[in-house]
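Quick heads-up: structures coming right below.
The following pair of complexes shares a single chain, chain A, combined with chain B in the former and chain C in the latter.
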Partner chain A sequence: MYFYQDPQFGERMITLMAALVLVLQIAMVAQRWIVTNIRVFAAQSFLLAGIANTIAYFNHAPHIYFAAVMTFLIKVVFLPIFMERLVEKIEIRQEIEPLVNVPLSVLISGGLTMVGYVVAESFYHPESGPGAATLGHNTLAVAVSLFLIGFFMMLNRRKAVTQVLALLSLENGLFLAAISLTYGMPLVVELGVFFDLLVATMVLGILVYRIRETIDSMDVSKLRRLRG
Partner chain B sequence: MTSSVLFAPVQLLLLLALSPLVGGVIKTLKARIQTRRGPGVLQPYRDLAKLFRKGMVIPESASWIFSAAPVVVFATAALVGLMIPMVTAEAPLSLFGGVLAVVYLLGLGRFFLALGGLDTGGSFGGLGSSREMTISALAEPAMMLAIFTVALSANSTNLSEIARAAIGQSWRFLAPSQMLAFAALFIVLIAETGRIPVDNPATHLELTMIHEAMILEYSGPYLALIEWGAWIKQLILMTLLINTFYPFGLTLEYSPGGIALACGAFLAKLLLLCFLIVLVESTNAKMRLFRVPELLAVAFILGALALISTFLF
Partner chain C sequence: MLLLLLLLVPLAAAAGSFLARRREVMEAINLSSAVVTFTLSLLLARSTAASRYVAELGDLLYADSLSALVVLLVSFVYLACALYAIGYFRDDEKSQVFEQDVLGEVLIGKLRKYYALTPLFVFSMLLVALSNNLGIMWVAIEGTTLASVFLVTFYGRATSLEAAWKYVIIGGVGLSMALFGTILTYYSAHEVLGTETLAGLNWSVLVTKAPLFDRTTMRLAFILILLGYGTKAGIAPMHTWKPDVYSEAPVPVAAMLAAAVLNCALYGLLRFLILTSRCVGPEFGSNLLILFGLLSMGIAVPFILVQKSFRRILAYSSIDHGGIMVLGLGFGGPLGVLGMLLHMTFHSVTKPLMFFCAGNIQQHVGTDLFKKAKGGLIHAMPVSAALFLMTTLAVTGSPPFSLFQSEFTVLRAAFAAGHVWPAVLFVAFLVAIFAGFLVHVAKLVLGPDPGLPPADTCAWKKYTLLGLAGVVVVMGFWLPSPLYALIQGAAQIVMEVR
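Up next, the complex of A and B:
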């Protein structure tokens, strides 16, 4: 048996990639430039596709390959290109101005990761034998942390484009939780989620454009001034 | 045990001879990657030889601290160099102390360097010292967390034990906690050796300089000692990084063949790490000083995550 057929090796690779996904999420919190942020998101999605691929290979679940390919096409190729074009088109300042300063946001992300681990720990029951519940607990912790940090990023950012980016990374966390716990949702659900995401981003893209047209700024907190 | 003590002079020689070369290799590689010719690899040796021949200018306001600082910097660096496993898994002076002694002996050297910068009362020296202290105070927790991560998985803070435990386990370097701790320690390495996102080692003229500002008043043999000490410190941190995380090729016995093989493996790993540092230096711009804490906060969080994940993964 070659080492790449050893399930232990597969599990190690999944754990390693999940850890890298988490590192990239924190890098997104710490990174100030919008374009770099988009690229970090693309790298994160690429790793996610890798995780999906590995899970599909070691658990002989062909339909997860499909999810991996969809992730690659939509989140690694299409959305980053779309968003970079959008950023170029609306000519905003390239720097993200978070509400909480960067060192503190990084520390908060660390704290949220700890919360993620505590939550995932309660799902961990090794005594009930091998299965999804034991395999998933590392990745589930990462997934919950991704979700929480993504949520925090959405709160922490002013401009609509960067909030969309945070939403996408939050969705990455959901995807990771789904594939690591259940070996993938049914294909129809999977498709629905991807389509949803695609449409949401496109609509938000148009909305962002309109916001800038109307109030000459991307800062969503200025929208409140429109009230009579 | 006796053979490990007998190996001490060899390692000291290796440390003293190799450290300027590492500095030279990084400089040359960096020049090549930026399509410049750059100085030769042996330039640091020539610099050292020249500095040792020159006379010294000592400011009138200098006290004994000014002359003590270079010696302390050099001596602590050389001593620490004997306490880490370099080519043999057993460090020559491993009985003397573990990783905490290593970190705080380096801290002692840094403390005296900062005092030396303050001693003459020049404004640049004080500025450099205060910046150095700020950065090292932020880098130290990150470094300790990363090191505790490896110490935990080896159940010992003794570096020789850590290296031996790391040799025993295959695939361990793929564990997420190891990767996170490696990343944290790499950022600390960049910050502590004054490399580009944090400090620019190639200039004396910027207002943002840190290391160079502290040693602005030094000349001649004192400057040579400080520079040499800084190179040794750089080699120590690099060795610490590669031998605790990737201990392939560390020899356990003291046969000439084994030592030669271990030296080869060590040099190859060192070259790889040099290349990594050069890539980081060439692709990044220097940060504003007030952005440096952000970088070190990331290192701290990486270290903390590494520590958490050793308990959970």
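Up next, the complex of A and C:
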């Protein structure tokens, strides 16, 4: 049997890529520049497309190829270009200025990763045979961690664009959970989710642009006029 | 054909309004779409009464009494808003409020935005209730947010951008939790169904197999769904977007958010609640629901008591009513579920009127603050002011209005289930909210004449208000028996498993 047909090999590849996805998520927490952040997000999405491809190949699930292609087109090509254009157009200062400083943020992310592993452990049923969940055991832990770190990033950032990026990386965690747990959702759902993601990002982009135009700042902590 | 038509009519109206060049044409398109949608929803209610369910497009669309009820309420609110919007935007134009727009959009462009996005907004709400697939339902609920963002920024003020930003970001985070919950539900069903086919997330399939699902996963899934769809429904502590959005959006949009989207979000929650109680038993989730329900009512109390704006107070009332519905579900039993669905129905009928009255007053006095409005409005605008006082009584649940009946049913459910302390708190919060509301609104409406010019001249606004008030009053004394049968049918669907 060739190595590229061996499921063991597939599993190792997936685990490796999932680990890299997690590393990139933490890199995003540590990164200070918005443009680099967007590129890290693109790289992370590229790895996700790779994971989807690998799962599709080793489990003979052709509809996941479709999800992989959509991920590539939307999250690796379109959204990063859209975001970079947006950042260029609104001419913001390029730094992120998180609320919690970088070393502490990274430490918190590490803690959240541990939480992710604990949560994922409760879904691990080795006795039920080599199902999707056993294959994606580590992957699920990474997915939950991405989700939690994404949440933390949303709270930790003040600029509108960076909040959008955090929301997108949180969504990456969901995508990873979906493909590692169940080999992806049914095709219609997958399509709908991608469509929503696309529209949501464009809507947020337009809002960011208008906020910049009207209050002359991108700092969402300055959006404090409505109270009580 | 019926389900498909229900979805196609608003879509066609959106396209028509997008292409239209004149205001009258857009108004006519929107209004006729609302009338047709409402008629179709009545037909749907009739056919779900005849047979248990209707399915179309190879099981992609599915409707039972529960969906028919939500569709009926959504299209009723749509019709009321379509009627009111005509007069509302004409008056807005007269008072030159559009010229405050910092983005400098022209009038016809603004109107087109409203008349094209509103049917899309309605389309996604109807899709929530009509889709069989729980994943598509999630997509549609997210769609309601996306279709309404630019309706919230309609006036283009800096504050409306702030509200819209909160709306999308908080909604987005909340719904991402709901998506995670949906994925986990799919996973817990995955081993039972053993397919990667389209049917994997279909309600009609899931509900029959629910007892076999993986329990641990289903529990976690339900908590995520509760947080996610709870955010969309504006249940405390995820309610913070609500006052901002309700006070910044144009009145017809705010009314639709308060009276229709709330139902859709709770509908999503209900579907998963049914699956969860089939899988892990009805007790699970009941305490969580009671906690969130009481929290919502409790948080609304202080904000209503010290509220400065008569637009924001409506949002807190909506948080309170969302809490009551969730409480009804938490108390459970036949009474609790029936109470929740009755409350949903009566709330959808009553709330739009309250928004419309507040909108009329805001347009006339040019502010939404109690203090600046000075009081004594009954002299200048007898219809709107008197009706505002009347709906305040109706919304706070005083007899003879219908919300009293549903709140009483929820209370009986609490005692039937032996939840004495929650019941006591429930009554205490209701009384506090009643008092707070009445003090504020009575001060606004009654008192000596401050010498404002007379209002209530626009026939569209006036007769919409009077017609809706007629429905509210009649509902207090007489619930049409087909409607009651529909509500009972919907309660049956929830109860079969509890």
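The rule is short, and it goes like this: the second predicted complex is superposed on the first by the 224 of 228 C-alpha atoms of A that agree within 3 Å, B and C clash if a C-alpha of one lies under 4 Å from a C-alpha of the other, contacts with A are read in each partner's own complex, and residues count from 1 in each chain.
Criterion: a contact is a pair of C-beta atoms (placed from the backbone, for glycine too) under 8 Å apart; a residue touches a chain by one contact, two chains touch by 3 or more.
Keep in mind that this is a model prediction, so the values were computed, not measured.
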Chain B and chain C placed together on chain A: clash or fit? fit
Worksheet item: After superposition on the shared chain, which partner residues are touched by A:103: those of chain B (first), chain C (second), both, or neither?
Response: first
Quick check on the superposed pair: does A:138 touch chain B, chain C, both, or neither? Answer first, second, both or neither.
first
To the nearest 10 degrees, chain B and chain C lie apart, as seen from the C-alpha centre of chain A, by 150
(Q) Quick one: is A:199 in contact with chain B, with chain C, with both, or with neither? Answer first, second, both or neither. (A) second
Practice problem: Have a look at where A:147 lands relative to chain B and chain C in the superposition and call it first, second, both or neither. | Solution: second
Comparing chain B and chain C in the superposed model, the one touching more of chain A is C
Mind working out whether A:18 is in touch with chain B, chain C, both or neither, as first, second, both or neither?
first
> Taking the superposition as given, does A:181 touch the first partner, chain B, the second, chain C, both, or neither?
Replying inline: second
Overlaying both structures gives a minimum C-alpha distance between chain B and chain C, in Å, of 20
Intersected contact list for chain A, partners chain B and chain C none
Seen from chain A, its contact residues with chain C in the complex are 61, 63, 122-123, 128, 131-133, 147, 151, 154, 160, 163, 167, 170-171, 174, 177-178, 181-189, 192-193, 195-196, 199-200, 203-204, 207, 210-211, 213-215, 220, 223-226, 228
In the complex, chain B touches chain A at residues 171, 174-177, 179-180, 183, 293-294, 297-298, 300-302, 304-305, 308-309, 312-313
Seen from chain A, its contact residues with chain B in the complex are 9, 12-13, 15-16, 18-20, 22-23, 26-27, 30, 102-103, 106-107, 109-110, 113-114, 117, 121, 138, 141
Listed in rising order, the residues of chain C that touch chain A in the complex are 60, 102-103, 133, 135-136, 138-139, 142-143, 145-146, 149-150, 153, 158-159, 161-166, 168-169, 172-173, 176, 179-180, 183-184, 186-187, 190-191, 196-201, 216-217, 220, 243-244, 247-248, 303, 306-308, 312
